Amino acid sequence: MRDFTIPKIIAGFAILLLLIVFPMVVSHSFHIHVMILVFMFAMLGVAWNIMGGYAGMFSFGQAAFFGIGAYTSSYLSIAYGVNPWIGLVAGGCAAALVAAAIGYPCSNLRGHYFAIASIAFAEIVRIVFNNWKMVGAAEGLSLPMQNESFANFLFNSSKLPYYYIMLAFLLVSLAVCYFIATSKMGYYFRAIRESHKIAEVLGVDVVWYRLMAIMISAFLSAMAGTFYAQYILYIDPGSVMLLAMSIQIVLISMLGGAGSIMGPVIGAAILVPASEYTRITLGFKGTGMDMLIYGLLITLISMYYPEGVWKLFSRIGRKLR
Amino acid sequence: MPDQLLQQLADGLLIGLMYSLIAIGLTLIWGVMNIVNFAHGEFLMLGMFTSFWLFTLYGIDPIFSIPICFVLMFVMGMLIYRFIVSKVMKGPMLAQLVVTFGLSIFIANLAVYFWTPDFRLLPPTMLQGTWQIGGVALSIPKVAASLGSVIASVCMFFFLKRTKTGKAILATEMDREAALLMGINTERINSLSFGIGAALVGVAGAFLSTYYYIYPQVGGLFGTIAFCVVALGGFGSIEGAFIAGILVGLAQTLGGFYFDPSYKYAIVFMIYLITIWIRPQGLMGW
Amino acid sequence: MNKSVCLKVAGLSKRFGGLAANNDINFSVEEGEIVSVIGPNGAGKSTLFNCVTGFYKPDGGNVFFYGKDITRMRPDRVCKLGIARTFQIVEVITEMTVLENVTTGALLRYSRTQPAMEKAGEILTFTGLYEKRDFLGTDLTIADKKRLEVSMALATQPRLLMLDEAMAGLTKVELREIIDLFRKIRNNGMTLIIVEHVMEAVMQISDRVVVLNSGKKIMEGTPKEVCSDREVIQAYLGEKYSALLK
Amino acid sequence: MWYFLSDEAHSRRRIHFISLYGTVEPFISKLGTEKNMSRRKNVMASKNCTRVLSVALSLLLILFFSVSAQSQQKVIKIGAVYPLTGNIASTGLDCKRGVDLAVDIINGKYDLDLPLAKSAGLPNLGGAKIEMVYADTKGDPKNGMSEAERLITSENVVAMLGAYQSAVTKTASQITERLRIPYVCSDSSSPTLTERGFKYFFRVSPHDDIFARDQFQFLKDLEKKTGQAVHNIAVLYENTEFGSNAGKAYKKYAAEFGYKVVADITYTANATDVTSEVGKLIVSKPDVLMHASYITDAILFTKTFKEMGFQPKGIMTMAGYIEPGYLPSVKADGNYIIVRSTFALDLAKKKPLIGKVNALFKKKYGIDMSENAARSFMAPFVLAEAINRAKSTAPEAIVKALHETDIPGSQTIYPWKGIKFDPQTNQNIYARGTLVQILNQEYVTIWPFDSASKPVVWPFPAWKGR
């Protein structure tokens, strides 16, 4: 899978440099907020891609792992004063455990069946958290405004630290995805995506690798959840575990190009700003115009660019070469 | 206490049959084209609005507007298939899943744009009031809806099993290539099934509008539950969807009454997951 | 017995509802041998394959591989032990290149992709597909796909290779090539079990032939013995014709 | 710089589409010049290319960016966040109507006994006009936060109001507290909002705790006046931020006033069917039902109560039952249900101001003023009056003025003594709820008895009788 030729690496670093410089140049904190959302959804897209794009497990319940990550770290820091960075890891493990609990029974489900099962699973998690008094049920949890510091993973004077942390998280998940894609696991995931039969004949323990796919994906999604909790300082089931968020994550990966490393990042870079800015310019008239355009955009893209934008670039790239 | 049990069973059956009516259309589309129609909830909403406008503008009672709903939604379903869904059939599975999501967001917000997000409810129509049968109160519109559901299921069952086109649909459902070899124009079958599927859920919408409030986002939860009913019943099987609908309705009311109302839908989804774990192809699927 | 028994099938039976696809089948295969399994359609050949490789759970009897009981084992474990197989309807990974397909197979024995890829390269040169290594699975002809499937099986470095109608639908030239390939594989010390309908290929290449008919083993022996056996001819050509042959 | 004037007929506000040319150009040329500093010769060439590039870029981005670069010195911008799309959109739009009417009255000259009604704009600030900048939260706390931040940092509003949903107000007010911008809320009723010790957050309307206490106070007054005692209470609420807080308040005051809670039921909001909940209610045989829900479930429960013949002595409710969409949907089935409210049209007999304001509302929107619109109506007045008194838009000055706010009850459209904020919690101490009963499809004030326009119909007549 040696598609990383030299020009691509240079382009990658150039973009990275631009991203690092961006917040210093643009002063409006709203644009930084949008970029943070882009990074967060890109990370969620990459996490989904490991499971959906590579292993062919189309999960429509990613928000459940995101929510579990957010709730675990928040609850630990509120009730037991656990440092959010430890909460981050705890949240990841909790989400991975829950992922295994649901992954195992659904290990033989494929395609649509798996998608619907993941929706049902995520709805159960949302309903349970919605009624679980210990974690604030429907009222949600608000994190106390402790003193600002990197150790507490809390900054309220400016968004810059959040921006760079989220960028770092995204790079970590891209590294994990790259490592998986080019390693034994990546090959086995793609064999499983093709068909369980072929994978089994080649000696792949399908159940184990599917579990690995869903657990890694859950861990990374939970990390993004913890970041969200530390960034927004208030979480409730309605904002971190909704089916609409899971769908947006799937759209991002599909629009960008499922099954490619950079696909979800491109998808997030297009979809998140589009929905944020259309909401500002058209949203406040209350005619739902922005969502109308959003829905139309999704339908047209899945009709005309089903493999996603990234594959489009690489196909053009291949033609030029 | 016992009459409450009867009441819950009755209402469970009534809401269950409504789920069946919604699910039959979905299972047809899913079975024939192996496409999950995530816009099914929005089709339901369109059916409700159609019967609402037919009543408020032309004074046609929802019961009489059902055939009109059927035809209108049938045509809409065919159009949607031809211009949108057919383009995605050959694409990757992910695109098939996502295109109907885009459609559902588009349709819901089109309704918001034209009919404002306000809540509407049909004033008491010809069918209203409740029957008191031995301590059990049955609301007449719900009973009518259940009858409609039974009739629709029976008609669909015989249509598929007895008529020529019905058999063609079943053949396409089982093996598309074989059906092609047998000279079945699968493209026509696809648009036909999409049309019938949309029409059926349009009829469900017409019945539902007699006792439930109408607003653009009403399709959401009904749609999600319909997916579980279809997957529980087994894809493409009308009888499966019918039985699974009733099971889900009963699980919801009894679970809510005896266990805890706020976990109502969690129970429904849990039953679905357990069944799928034991029998991945659902109750009646192959 | 100078050579150890590679595979022993003892009393294997498998029913699908009323139909006894396999009924009390016994036979064994020595190391380094080529055994063919022949019989009319529906004789239970593929079922036998699937029971041995764990895709079906047999209803009765046992399967031993070098003495180890693998009757109830999952397909991927069976493959790890050293039994590789191909399918009647050829199955390759369409979204991967030929090289990647074979590398996936090789990864069973390696932890890192680099050595696995080198091994895959060797196997592709051995099976003559090296020039087409960058082709996508979908862009291959049937013959190449079958050859790719065999290469993927070989990549898992098995000790027993089971081929399910690997020669069906090939032209004369392709047939000869694939027979040479099988002979080359056998000379490397591999044991082969072939399910086949193409009689002249079976007769040329196999050391012993097992004949199945409606789930039962009706005959076992060298190709010459099997050809002249009345019951085999009757099974294939039906009573009317076999009477003419007398 | 371009001004792109939108010609939307009904929206008087101009939408400022400012070409990003202004902000992007330096960004690009600075980059350009830095790189080519050493090679003086082709700096000119790169200058032209960056100019062409930035024009193209700004034309592309004009669709996406709406940054109002320059505010007229005569306009005071106030931010407002409401759920203008999504499930609660109809209620969000209703609040917006109330706020828009208030701003019209402040900016224009109206012969109304309301603060700053008679003068055009804010006299102490040279007649400066109030301009509302709206943002759509879609009912999501995340959007509430990001929109609040956007309005403050890029639209540079001097104060904020809104949100209707308590969860969204909670996150939005976290931002205004951090950026030290006053936030006057008059439509979110969760008690926790004013218990966080925020310095910049003020609430005009009563919160659910007060409403709950009022409902039990009504039961006590009813017992004293008519001798009809009540013992068992059933508490029913949806599992949302609003619902669970209201439920807690109900249970707290039920114990305080000595009533027995026979049923404590939470249910999933926006349900497809509520027969199991009503079944549980029937089995618990309560004298009075206390129900807190938004409009969708209010409609569904009303119909199911009728269907299953649920027959308590009284049904007392919150929120959903007084939203504008409720009565037109349920019509006669809503009769005799008691709802907490801060505004009722029938008070116009005792307070002509209400009638006049409602007439203005009807002229502008064609429908009567609803309770939501009325609740949101007051916030702009409180803010404008405070800014006017502070003679400046500096946040600290506005907050000081808000602490000294003392608007008499006569200058409000509510049956309160007035508006004065508690120094610690910034909650309006005079805010009290009233109880209205739906009598032949109209909201009629029935409690407190002294300001009631009709005696309460108690107990709840049988469904069949109607």
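Each chain gets a letter, A, B, C and D, in the order it is written, and its residues are counted from 1.
By definition in this document, contacts are C-beta pairs under 8 Å (C-beta built on N, C-alpha and C of every residue); 3 or more make two chains touch, one makes a residue touch a chain.
If you're wondering where the values come from, they're calculated on a predicted model, not measured in any experiment.
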item: Co-neighbours of chain C and chain A - touch as defined; value: none
item: Given chain A and chain D, the chains that contact each of them; value: B
item: Most remote chain, CA-based centroid, reference being chain C; value: D
item: Comparison of B-D and A-B (more C-beta pairs in contact); value: A-B
item: Most central chain, judged by mean C-alpha position against the global CA mean; value: A
item: Interchain centroid distance [CA atoms averaged], chain B/chain C, Å; value: 49
item: Averaged-CA centre spacing for the pair chain B and chain A, given as whole angstrom; value: 32
item: Separation of chain C from chain D, taking each centre as the mean of its C-alpha atoms, in whole Å; value: 74
item: Distance from the mean Cα position of chain D to that of chain B, given in whole angstrom; value: 37
item: Junction residues of chain A - those touching two or more other chains; value: 127, 130-131, 286, 288, 291
item: Shared interface positions of chain C, touching two or more other chains; value: none
item: Where chain D touches two or more other chains at once, by residue number; value: 85, 89, 93, 239, 266, 268
item: Those chain pairs that satisfy the touch definition; value: A-B, A-C, A-D, B-D
item: For the chain B and chain A complex, residues of the former touching the latter; value: 30, 34, 36, 84, 87-88, 91-99, 101-110, 112-113, 117, 216, 224, 227-228, 231, 235, 260, 262-263, 265-266, 269-270, 272-273, 276-277, 280
item: For the chain A and chain C complex, residues of the former touching the latter; value: 1, 182-184, 187-188, 190-191, 193-195, 197-206, 259
item: Chain A-touching residues of chain C, taken from the complex the two chains share; value: 53, 55, 74-76, 79-80, 84-85, 87, 91-96, 100, 103-105, 107-108, 110-113, 116, 152-153, 155-156
item: Partner chain B, residues of chain D touching it in the complex; value: 85-87, 89-90, 93, 239, 265-268, 270-277, 279-280, 282-283, 295-296, 299-300, 303, 306-309, 324-326, 328-331
item: Touching residues (chain side chain A, partner chain B) in the complex; value: 52, 58, 60, 105-106, 108-109, 111-113, 115-117, 119-121, 123-124, 127-128, 130-131, 243, 247, 250-251, 254, 258, 286-289, 291-292, 294-304, 306-307
